[in-house]
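As written, the chains take the letters A, B and C, and residue 1 is the first residue of each chain.
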Amino acid sequence: MAWVEIKNLEAFYHGVRVLHDVNLQGEMADFVSVIGSNGAGKTTLLRSISRLVSVRGHVWFGGDDLTRLKPRDVIKRGVIHCPEGRLLFPNMTVYQNLMMGAFLRHDTNGISTDLDRVFEYLPKLSSRKEQLAGTLSGGEQQMLAIGRAIMGRPKLLTLDEPSFGLAPMVVDSIFDVIQKLNDEGLTILLVEQNAALALEFASFAYVLEEGHIIKEGPSKEVAEDPSVVKAYLGMT
Amino acid sequence: MDLKRGLARVIENQSPFGLLILVAMALLPVISDNIFYIEIVKLAAIYAIFAMSWDILTGYTHEVNFGVAFFIGGAGYFSGILNSFFSFSPYLAVPLAALAAGILGIWIGYLTLRLRGPYFAMATLAFASILFKLSFIFYEFTGGEEGISGLEPFTDDPMRDFYVAWVVMVVVYFILCIYARSKHGIILKAIRADEDATQSAGINTAYYKIEAFAISGLLAGIGGGVFAHSQMHIGPTMLSGYLSVIVVLLAMIGGMGTIVGPLVGAICLSILNESLRMVEEYRIMIYTGLLILLIYLAPDGLINLRSIKNSRILSFVFLGDRKST
Amino acid sequence: MNVLEVDDLTKNFGGLEALARIGFYVQPGEILGIIGPNGAGKTTLFNCITGFLPFDSGYVIFDGHELRGKKPYQIVNLGLTRTWQLVRPFFGMRVKEAIMVPSFCHRARSTHFSKKDREEAIVGILKEMGLGNKLETEVDNLNQGELRVLDISRALVTDPKILLLDEPFSGLSHREVENVSRVIRNLNDQGLTVVIIEHRLRELMKLVRKVVVINFGQKIAEGSPEEIVQEPRVIEAYLGQRRPKIGLG
């Protein structure tokens, strides 16, 4: 079995089936991406892993079956979710938001080390420690969301559309950080609407269309496949 | 055309329990001629008018009106002044006062149009508070703290006075039932559920909201005028926040958005309150405790309880609902 | 004459330009799709056209009437009706009550003079949309697909000349999408002009004959579905900008 393994996953939203028989694998330190157009089910996939939606099928991580766990137990196993739209605590400061990421941890030394690490990777956050999260720019908010996720000491980081609503230059700097984290050995599962961007960074990609995986393979291969265009635009 | 339709629908959807209460109240003087009891039930009938008129606005739009005392006391004072300073007969003064209340309802409805939730509630509270203060400031007209005494009653027989109140209550009840089942009530329910979607249906929501406010004010005003003349006295308590809150409680515990609920709630609880005077030292404690308990057990009101809605028999008896399936 | 003309429409939110000089025409009887990536401004466009959001400059002319400054209910009574991205049920009512609400508007009352006519028309619409046997059901007990269909039924009761549908397929199963698609096509065949915002392009592209593509508040392409999917700017808008390291498509 792979380190991350999703098998026969079916997910339901308000009684409607939005994921059909999804299968996905990844090994430690992989950078895997799931692309697809809006509404394809990408967010539901990540929410399934984090146990926020009801599913049938299985999600395995590091040999453990996550499928029947409570969300906080998934976090305790090291699967950290950076949600769509950042979902920061707007009336808390940058520092407080980061500390919320470490909420379930008790190792004060480890937390303090990780906090230093976050500020090292994301220097912009360091200068805004006491600023309210709601007053940050879009790019800074995304950085804070990633920082908060790092504070959970993830073994698997799932990112939901980190590029959404951000200017290209800002996207570049965010993805540089994500790449750095992956280089250090953090496994990344990236969900993105921006296919070109995702395929540039991830080594392996899955294409989701209306809840079905219609193509998978090394990024280069997927990039050259015309079915990707069809997945987004409905026809070729 | 709407009236006939509404009338037909009202008749076929009458709540048997509500009708029972109305009839039972009418029979009271026949059974007992104890003035004490008659007065209690008369007061209950007047509170029912207050509660029902409150319900047509808040029960159907879910914007909570905390200033119903504005219309009750306002119309009460207006009618009282017309009567004691200008010798208008109560039969003329009360309708005029109610009309004035209705017009003020249009005005306040327009001013509070864009307010929602707590802001709406606070604004209505503010209007009532302002009028309360004004009654002290213009004490030459309003009698200040003591209010105006010696108002003319409707008739010179307390028994007949009771029936005046009863008739007004019944008329208000049926007017509101017709209104609530008519397109006006349906539109208010739609506005309550989703105002934007109601606009998307081509409905001028502002108009219907103001109209509901006006009707609510007018009918509460009738209640206030009837109250003033049946007590032969009008005082600042009828403008107080306390009165507004009591009306809200009676209507809510009875069951918002049904007209029948506030009727039953007001009558039963008012009678209970007065009956508790026998144990005066504990009355407030018991009464308030009971109100709290009832709100806890039935947050949407007694008539709106799930167990009633789900039971075919009970929902017919209390709400007049005939389910076809 | 065009039934709907949008010209130079601009809407700013503080510093953000949500709509930048958008313009397109809709001809009577047309069935037009408006597409674009998430956040492109499509719903903002609908909100500006239907009076729910004031816009800063430009024109919206429907059937010869200038819509700017008109209240939403007034626009509905002129013959332009919309549905919403998220379903907008009238909770706390039965289906038959909910569907009566739009029948109280001026436009519906002048189309069907007698109450009986109006009721027959309403029941007819519900039957055609598949809700004929749900008249007594509480709205709270309908599922997502039925709520979506009820929304569209309510829109039809206002007797529109043009119907603006915001993501009508959202939340529906395949079969339900086919059903709704079929109904829309029938309505269009009978002369109703339809404009649809959608993300589920597989179904949409089969339904519409013309497509307008919006990205970052601007119109970036217009044409038939076949033309649109080959337009490089459209592919780029959806799939992302070509990065120097990889090619795409």
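Going forward, a contact is a pair of C-beta atoms (placed from the backbone, for glycine too) under 8 Å apart; a residue touches a chain by one contact, two chains touch by 3 or more.
The structure displayed is predicted, hence computed values, not measured ones.
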item: Overall pattern in which the protein chains touch one another (line/ring/star/complete/other); value: line
item: Most centrally placed chain - per-chain CA mean versus overall CA mean; value: C
item: Subunit A-subunit B separation of Cα centroids, rounded to whole Å; value: 56
item: Centroid distance [mean C-alpha coordinates] between subunit C and subunit B, Å; value: 43
item: Centroid distance [mean C-alpha coordinates] between subunit C and subunit A, Å; value: 33
item: Subunit A: positions in contact with at least two other chains; value: none
item: Complex contacts: residues of subunit B adjacent to subunit C; value: 1, 5, 183, 186-187, 189-190, 192-194, 196-205, 257, 323-325
item: Touching residues (chain side subunit A, partner subunit C) in the complex; value: 13-17, 37-39, 164-165, 168, 193-200, 209-210, 219-220, 223-224, 226, 228-229, 232-236
item: In the complex, subunit C residues that touch subunit A; value: 37-39, 143-145, 170-173, 199-205, 225-226, 228-229, 234-235, 238-243, 245-249
item: Contacting residues of subunit C [partner subunit B, same complex]; value: 50, 52, 71-73, 76-77, 81-84, 88-93, 97-98, 100-102, 104-108, 115, 136, 154-155, 157-158
